[in-house]
């Protein structure tokens, strides 16, 4: 039944990254329909020509690089670890706003003198052997430590790295940190400047697919358009206030003197009829969600009342900047 | 405390159909308040005169037919199996948009020559005994197979029909299929034209209740009004764009040339004041959710910018067609 | 990382009250970010200077009274039981709309003659010992029974009070009742007029903090503003209809004759261009959610069509009445 | 991989009956190995020629009657409801000791005058219509009520029968009752002599299979042997005591005077060497678990000390009486 | 149905203490049968005259003290906190072997100079106010701190005490500690000698019930007998070895020279017939579970082979010492 | 508190392998005490000098090879994949009886001509590129395919390999298979002779630790002794029967003629006193659990009656063969 699906998007196959990715897409109007919880394939009814598959985060990068999958959503951590250097991975959007964490160096709390990379280097110099660093990210960790000229050996591990220093099979770790609670539970501490790779979910694509298949390029445009319009909408609210004024122009002038209610391109102003007469206008303006209290204060100061705030689902701009960036990246190199 | 509740609505008492029904009603503004998860009675605060009870899907049909319950939401599969022929069940709305499945004939994958009903009939003719068909829906299955003139005996079963062919107590099954995964897991395959009854959740009522009790008829009108307005809203979005133009009429003319932004009865156009002057207008239009990308493209082509998309909770039409259909059905036959 | 947090809000640390409080705040635009489910501290990104901690409901009252915490959300039941009489607890908002229950006297179902407080008193008079009342709320229960002049001894208990009469270590109980199901399961019945303290979630503050720390007072204002604007929005919807009319004033006149579509300060009326010409206007009005059916009927009666209903996130009034009440309370007594 | 499995045992496919059946078999040394929780087929390593399948309780009876399955473990309730009258269902063991419940008539608590079947009949006589009885067991219920000469109509239902009297689509119910808690929660009461069919798990077989296939008959013998030896062991304990005495015979004589330590066929008595010399003997005896305190008292009275109690896994008797009963049943009728 | 139950045992009503108590009793042959997980009453089939009820741990102490319940199993922590001084609580067994924890003083990790009670006292002396101690155990905590002459105020709390020092409403806490993990998670540390009350589950009884009701006294004897016999069995194993020797006496002599295989009162020695002839004996001996490796070594050293180890369910001694202690306590004071 | 723990055992940190390992050790008398479910360290009270840590299966092999951990229990699959060739991993026990699976080659079901390794090789020869094989076990897979001279490239993957052929990034997979259900669900089929590595849980040790630290060697001996004695006990039962006979020797002679009741070194025979007199003997014999029915039959044939079967906890042999094997392996090579 999926014969029309000629383009593929790979999503994380389990845990919080999966549920966050599904919620993010649903909120952007791209609900994924998984016919069965045990199945690793799904549909996306709003984009019927897109087949969805589920893979482990790192496998997504491998599949997109290889070209068996056209698009993927996964963490920047594994993207940077696994993207390789042939340029086949194109990062279309690097800030989807979920899955935040950072690949970070962490040392035992008891190493009181080691608080940053410099003091780690000093400490390493006092040892008669290289530092032993346990990690699931050997590529990024090696590049970082080499860049700092710190002598080390990497100890590859599958999981529960946090216990490595206690057990003694490593001196310190290079691991993903989000809230820091797990580090603290295991009496570890991240180095002040020890972030090797900040990470959040990103949208990637296979370069050759975009260069050679027009329908994949069009899909990239639509995915970016939906995602950008959704992310912009998420951070804004539509505010509607009633204001008394001599004319729409007079009210607009008042509004333009304010910082937070300038809006996207200018307020919409319509006349309102009130019970007790008088020249009233309804003013609609889009404001940033985190500036709402300030906007309400400004509107009140210039006479706004009966202020209603509504949600917005999408805000479409002229042309998404990331789409332009993608086109440039595509033309800059012929795969 | 429920003494004022003179009308009854029965909902499915467990599983996905229950949670989907509760979500559907809540989204339609009719949140059900269950004082206790173990209880089989509930209130619907927006319609205080309506008492809600929970029953198994098939028991709902029996209760509505019998008249001990006035309204019910359950699947078309059990409605058709159990409605009987006295006309006491009235289907007010047959497409609530959830609980999709289909009563379908399925045969072992190994029956390579049997792919549709015709080849099933051929196969049956080669046997020296009738086909044995396991099902939980004897009425519909018999009617279908008799209609196709296929000799068979029905084997009634409570559940896990899918194992019947393997175990050997039936040759094939007539069972509800949604994603087809369970069939596949059990190495069964549905016949290409083997759908006996397509199904989704529906709203039914007891005919006599509507004919004899005006408050039940009024409740039918309100339930249909809420449900229709909600279903219409779910499929549409409110799009607001700014457009430069000589006059509202000129803009409207531009819009009328487009396919997807025609809207319900025509756009709302208001003047907008912009920082840099010029004759700008705000255009509001309702568009179908699945045509949003096309609508955005159209608006951009005629100069739209700063496009905001907002959700809608209800869209009320003049008079719901299904309400009219119900009135006709009621007058067509005096119970 | 929380060094800038100088003000503290305490929330319930478990159960339904916790999840309801978190949902309420999120819906009001004040999403709490708990870095870890096991942690008892959290952030509130929209109000970065506010540190959130989690405590048991009664401990919240103690901490706010003591001043180690500035604000708290907890039930009126424990607020009244634990607030003491020094006036240090200020109730900023006493109806947050969740956590409804009531501290109530309940007797065994078998006490057929005891149905209200008066008959309880009669019954008590027939005993040669005081009534034994099991409760977790000794202060409120004693005050109530003393006020009724009923001779009693209180039996303090930790939990599962409902079994006390069966086991025999108390005659009746004074306990929190929400749906009444637990009482019924244990064959108890509440007295008709036996409500000692009705309860729902409330916002409290430490009086001295508001009096001496301006940033705490400003935080009180912002919390109240968000909460009030959210609660008002929750109960209203934005209704937009198209109406044919001679002029905006004529339409407004029509609307003012109606009961439910009067709106906050008057409708917003804009001209609409329709395909078939004619003088049409778009009318926007805010109506109460529970009056929606009536409002739709009214709009239709005066010619409204193509009615769209949208959600609202906040409705800000001139100045929240509860904020004014708080200022009065603060000045009325110098802690 | 199951090609050698020529005999089939069907077990309940879900809920408590499934887990109890699996625990029972495991405790009897017949652990079922389910390769996958989603699968409906399993192995029983101790009896490799036995294939295990999982079905709904009532479907088990149908399959065994039909002969597609040789053996089944399910409740006597559905066995009696569905066994039919052709004698093809043979009950090999009717008291496996789990799954206890009873098909019982229950009426609303408010029917104060109706406490037994006789008063139900009186009540029915006062009505001008037959009693409406909701049930999932029409065959047994009808037979019982007809036997009592009570006029009634049956209302078939799928589930949650307990709400039928409240909702009003039945007057009373005939349903499975175990602890009675669900009845009480729904304000129903069972009739004192209203048990239609007491039930617990039972082992059934297809008569023809036992008559015509020697390997099925041998399997019946082994299943019964394991089950009987396990059930007997479960109720007994092995008690070993040291006793001083002149001779084994003297001690045995003492023991034979006691009630509870007579044992299976007589005690085992061995000499024991003690540090301080003296003629001591070790006495082993099997006693019933529920008579253990009495047995300990008896042993002490005749000088027993250092009493050790050990578990037993099986107790094999000469020849299980139920096996004999089965052979008789088989010969009594030629299927 | 519980009319014959004239004696009452109260068990903890939730959490790990409940499940541990139920497991303990079941292992001791006293399985509790809870007809329904939501119910607070249960039966104990092995002791049919004993009714079981479930209460919060502290409520158990209150009920036993009061006499509405005869026996209780709960933690020593709440027993000591709530037993009062009238001697009505009799502790029959103070070491049931589960529910281990200790009421302990804990201070912030950052108080580096405070490591024991003496240094806490020094620290307190440097403050110009009493120490603030948060606790759920005011009675025991006050007695302990008064005994150490440390000036303090107690801050009563319901829960999550561990956050009190961070939040600032207490300086230190007196709380139950089991693994210490929760303290560590909250950056607290227990004082080296800060244990106020070590605790584990204990069996208590109402003194007057035992003094005045012979059936309660007999129940006390049976509970103690079962519990003691079970606890002793849990710590021992039955070891059976074959040994070659000239006579039973010679073998016994060998065994008596060993430390760990001395056994309860001496080994049981029986002749064994072996295939290859020779004088062999089977030796049975009870050894402590934690000395099993040593016992095996000893047996091998004196020629033991073919060593089998079996579980024991009970070991009954002449007369349980705790039962004697109870009788003495009862006679020492006339309630 | 773990200062005396100088030896380390690493166990799997999650999933079924963890729970199975904990159950296995508990059944062998080596219960692991995890103070906290979130903690990765634990104690083993029966062996107080052994510290337990939890790691991912493959990390266990790395840690034991490296020497930071002395002993580990994990699957043979990861042991063989990761053990390296320096001989530092010593497999003490390779059949702990749980965690069964096999690293196996599996191809799409649709490859009808490919059923074994030979036909896979034929198929590979028809391609103009090497076979692409997805696996988490590159070392073992490469060795196997190279050994078969099959041209291939390996595609490393993190998980959900089963979808690789469908998605198209590999042609076939080399993955762990236990029941085969997951393969079947994904329409894959294992090759008939495609098992690369059979696997179950095994006990490994670090060779150098055993060679240089006597306490580690002694711990190896004790772990093996407990494990072997437990595994042997698990497969046997103690059978006790009463038999009439002229003398113990006569009975023994009868028994020696039988196949299954020969027992470990010969039966224990004691005289039994019966009520009705006569020369009776009690015969104890250890028989294999899976031969129990045969043993019962044999005992009955030679006159056994009143047969009791008891569980055994351990069976200790002279000297465990695996311990001898270990000593040999240690001396064969000086690490």
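The letters A, B, C, D, E and F name the chains in turn, as written, and every chain counts its residues from 1.
Assume a residue touches a chain if its C-beta (ideal position, glycine included) is under 8 Å from a C-beta of that chain, and two chains touch if they have at least 3 such contacts.
Quantities reported herein were computed from a predicted structural model and do not represent experimental measurements.
Look at the contact of chain D with chain E and you find different residues on each copy: under half of the numbers used there are shared. When chain A is fitted to chain D on its Cα atoms, the angle of the rotation, on a 0 to 180 scale and to the nearest 5, is 180 degrees.
Averaged Cα coordinates give chain C a centre that lies 54 Å from the centre of chain D. Remark: chain C and chain F have CA centroids separated by 60 Å (rounded to whole angstrom). Between the Cα centres of chain D and chain F there is a gap of 36 Å. Shown for chain C are the residues that touch two or more other chains, namely 38, 185, 270, 310-311.
Against chain E, the residues of chain F that register as touching in their complex are 29, 35-36, 38-39, 46, 222, 225, 229, 233, 238, 248-249, 251-252, 256, 262, 264-270, 284, 286, 310-318. Looking at the complex, you find that chain F touches chain A at residues 8, 13, 38, 40-41, 53-59, 62-63, 66, 68-69, 155-160, 162-163, 166-169, 185. Residue ranges of chain E in contact with chain F, taken from their complex: 178-181, 237, 240, 242, 270-275, 280, 282, 289-290, 292-293, 296, 300, 305-311.
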